[in-house]
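In what comes next, chain A is part of two complexes: it sits with chain B in the first one and with chain C in the second one.
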Partner chain A sequence: MKNKFKLFLIDNAVVVVFVLLIAIAIPLAGMPGKYLLQEVLTRLGRNAFLVLALLLPIMAGMGLNFGMVLGAMAGQIGLIFVSSWSIRGIPGLVLAVILATPIAVLLGYVCGSVLNKAKGREMVTGYILAFFMNGIYQLLVLYAMGSLIPIGNPELLLSRGYGIRNVVDLIGVRQSLDKVLQLTVAGIKLPIATYLVIAAMCAFIVWFKRTKLGQDMRAVGQERAVSLASGIPVERTRIIAIIISTVLAAVGQIIFLQNLGTLNTYNSHEQTGMFSIAALLIGGASVRKASIPNVIVGVVLFHLMFIVSPMAGKNLIGSAQLGEFFRQFISYGVIALSLVLFAWKRQANEDASRASLRGGASKGGAA
Partner chain B sequence: MTKRSLVAKSIALAAIVALAVAMFFVGKGHTVYLDTNAVTIAGKEARAPDLSSVVFDDNEPEEMGRAERVIANAIGAKHSVKVESLDGDGKKAERTIRIPTSWEDVSISIPALLAGAPDSAVMTLYAALDRVDEPAEKTVQQVESDVIKLEPLTVP
Partner chain C sequence: MSGVKAFVADFGLPRIIIAVFLLALFVIAPFVGVSLTSSFINVTARFGMNGIMVLAMVPMIQSGCGLNFGLPLGVIAGLLGATLGIEFGLTGIAGFGVATLITLTLGAIFGFGYGKLLNRVKGDEMMIATYVGFSSVMLMSMAWIVLPYKSPTMIWGFAGEGLRTTISVEGFWDKILSNFLAVRIGPEFVFPTGMVLVFAICVALVWFFLHLKTGTAMTAVGSNPVYARASGIDVNRMRLVSVVLSTMLGGFGILVYQQSFGFIQLYEGPFSMAFPAVAAILIGGASVNKANMVNVFVGTFLFQGILTMTPSVINSVIKADFSEVIRVIISNGMILYALTRKTKVAR
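And then the complex of A and B:
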């Protein structure tokens, strides 16, 4: 019983630490429960899709897809064009998704191919690849748009005549998905259409896991060499996992930005990967294993922390900035903690299996 | 790739392109300026009622006086404008207009609509008036006589 509890604590260390932190921070923040609930539900709609985009690469054994930032960039490019052409409402969002998809497929293919060359070091490669692609994105948005790529709306351009402004007002598509089927229950607004899209995405993931390709991905994730020997095209399967993840990240970024209503042209995508990965890990996922409940629990806990920490910091120390630093620290810290725990558990498992082999051999020898 | 799968993929691609084009036209946004300024149609001046109720699409009715301008956002090409004079003269007009896709900002003249003018007179491409930038303050050259000459302070 004691061992079981200890095992539970080890398996869910990140979740337990986070629940404890939130339990301390909520009373310190002194925020009304209704406000907290509204914020959490809004942020669940805003972020869940992005976090769901991380599941398939984990299933394919590629770890946490830091390269999802590439998809976020594709989503932003779609939104810039839609704003430039003044396409509003749901048609604007659909068009942004259609425009972003081929860009995301291309970027996903590049990312998947690079990650195939760096097997076993996918996370750090994806992270650096995101930095590299950020440079290309900035070149495209800062120099090519308005000069090589025509931008219809001069209000989007910098005063010099080319390059997109730092902030793009997404007034045409702002909350256009959230406001479809929006329900108000006891004063709390529920973006039902956004939740339905997230639910459809969850259903897609459940269905996809059962398909031939999904089974292949799981097999590749468990043991590459065995999968290759059994005829599964390992590299192709891994590339497909990254392409799907990148496309989903593009759609997720569009959903995220339509909720905010403002696109920070040069920064919005930068934190996408980090925050989504942190949320997933907080939900109890690991580098090897992640599920839909991990996504939901993670988004709720992570964003609850985001909401309460500035106020808790202000009430505790007298400075809201401290809370801001704290939440930055938390998002990076939780990733580090999770990776360390994963490495430690893997090492412990390897040691245990080695020890059991040695034990088995001596027993066998004795017999 | 088999011929069948090539055909299926081509159809899917064509469907996506068609959807994108449809979304472009269905979602094209316009800023509409409902304008009650007097206009001249065929040499005759048309004036708006002192007070009128203007309904654009399914928006809330706007009560507009003369020489006013109200902004409405429109999505797509086809829109309806309903005007009713509140001066007690019983004047009413309703029109369905089609905004060209290339027009971003559109001005709809309420007096022209009430006068039964053709669509070309009712709906025009909105052009903001050129702003004349004038300095906030004019520089006044100081003349010698305006300058108050101060006597040097003498410290006792």
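And then the complex of A and C:
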């Protein structure tokens, strides 16, 4: 009984802690409620799609897809081309998605194949792969673009004549999705079209889980050996999960950047992975289990934290820099905490099952 | 022929490529106007600077805790030691000695907690270590602002808050090891005998430790934890010892680095310390659960060699600064290779 309660607390610890933290930080920051609401609703539209991209690999038992950064890079490459050809509005966004998709499929295939060689340590491998690909991305964007790959618009290029500038102004596609169907309710702007895209994505994921492929993915996530024995192509299924995730991350990054309106060519994607993963985990997901409600709750809580912490830090200790460090600490810390809690629980379960095998000696022994 | 194949398979293709690449850089260097002597001296200096942090990887790899991405934790101990030493106003040998003592003590304490944590999350050490390292760097970033340091060399001059991002150790222990018994070669090149000697002593000590009873038990735990437990070794204790040792070495490593570099880098400085060290030991021939002293020497030399040689040589050849990109691709590519290789012991 006591054990059950403990497990429940461990299961939901992260959400509870964050609700408490935010409940303390909001009055400290002293921001008007309407402003907070507007910010959270905007950021929900901006970020939810990216976080949704993480769900399938978790279902396939591959943990948090740190390799989603690869998809974000693909999305950015699409946006760079669209900006260079000055294609505006929705056609620009659609073209960016069309350009990014094949790149994301290729990168996803590479990522999935690499992760298949590192079963059991997919996360750390995906994490390093993202760094590695970042090198290739820089090679492409900083050196090849404008020299080997023609870039139509010289304004995108560095003054030396090749390589993309650090900041690309996405003026052509800026908020073009958000503004297709924007409602204003009581002074708060709602990007309905973006929400519809996110809802469609949620529906797709729900539907996908019921397909044959989705069922296979779940089986692979549960038990690899049994799935293989029952005729599921395990490696192929895992690669497909990563490919879908990478493509979604590419689309998600495009949605994210059209809302922001500027692309930090060499930084935007680096933060994508960490922030999306932190958001999902704050929403109560774990390395093995994540759902659509986790995504929504996580994005809301994470961004509330993000908005209020610099002000709260400033009002509490008198240093905005401190608040900035605090929110980075939280992003890293929540990932660390959630990984620790999960591994801890798994090890406790293993120890418990081993102890029960030995005849129910509940404590001691198991090192 | 089969001998060559076996060698390639055993040593690993990426390592051979990297070694050949470095060799090519050294061969090309004189033709593009890069002085070979100065390159060599640079490599030696960086070799001494970074060696101990690479050495800090060995105990944890040997005990099966994997690559120590949590190195920033040790580095933080070193930063605290260094700043406290300066705060006390100690200079020269006394200053460096006190900084070392504080660093080792804090390193042991941090390492103990970190090791306890890693013992509870077996199998996920590397990812957790990465994020524990990162979050402790951010936690310390907050602390650097808040901690009541008073020494005027370290705090922001006016209207600022907390410690400076970089603190000069000039006047305290700048090059105290590097200049010890230093040999002057040519007009501007000095061979840092003392620093290289300290590195060699550390390597010898760790080598010796690994051949003691505890060290042997540690290696057994890393090679086969089940077998180790069956033969009566306390697995968790051995892992704990290795993590403490790694963290202490990491802390001392950054002190040696600072005295040669001349500056203490606070705030986000420790972020960038783990990856080069991890990449170096892997380039030297270590795998995720086996490492020895030769790996440390070879790896540090190869990795630092490439870091030193690429900017100067590549820039002179093609007039574009590829070096940063090459560094990113080589170091992460090497880590990726090690992670995806089938290790002999299934974990």
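Please note the rule applied: the second predicted complex is superposed on the first by the 352 of 367 C-alpha atoms of A that agree within 3 Å, B and C clash if a C-alpha of one lies under 4 Å from a C-alpha of the other, contacts with A are read in each partner's own complex, and residues count from 1 in each chain.
Just so we're on the same page, a contact is a pair of C-beta atoms (placed from the backbone, for glycine too) under 8 Å apart; a residue touches a chain by one contact, two chains touch by 3 or more.
Just so it is clear, the structure is predicted and the values come from calculations on it, not from any experiment.
On chain A, do chain B and chain C fit together or clash when superposed?
fit
Figure out whether A:L99 sits in contact with chain B (first) or chain C (second), or with both, or with neither.
In the superposition, A:L99 contacts chain B only.
With both complexes overlaid on chain A, does A:I90 touch chain B (first), chain C (second), both or neither?
It touches chain B, and chain C stays clear.
Under the stated touch criterion, which partner chain does A:T262 make contact with: chain B (first), chain C (second), both, or neither?
Neither: A:T262 stays clear of chain B and chain C.
Does chain B (first) or chain C (second) touch A:G172, or do both, or does neither?
First partner only, chain B.
Based on the superposed arrangement, let me know which partner A:T211 touches: chain B (first), chain C (second), both, or neither?
neither
Which touches a greater number of chain A residues, chain B or chain C?
After superposing on chain A, more of chain A is contacted by C.
Taking the superposed arrangement, what is the smallest distance in Å from a C-alpha atom of chain B to one of chain C?
Between chain B and chain C, the minimum C-alpha distance equals 30 Å.
Sort out for me which residues of chain A touch chain C in the complex.
So the residues of chain A in touch with chain C come to 114, 117-118, 120-121, 123-125, 127-129, 131-132, 134-136, 138-139, 142-143, 317, 319, 321-322, 325-326, 328-329, 332-333, 335-336, 339-340, 342-344, 347, 367.
Taking the complex as given, what residues does chain C use to touch chain A?
That would be residues 69, 117, 120-124, 126-128, 130-132, 134-135, 138-139, 141-142, 145-146, 161, 229, 234-236, 275, 320, 322, 324-326, 328-329, 332-333, 335-336, 339-342, 347 of chain C.
Using the touch definition from the top, list the residues of chain A that touch chain B in their complex.
Within the complex, chain A contacts chain B at residues 85-92, 94-95, 98-99, 172.
So in the complex, the part of chain B that touches chain A is made up of which residues?
Interface residues on chain B, with respect to chain A: 16, 19-20, 22-24, 26-30, 73, 75, 104.
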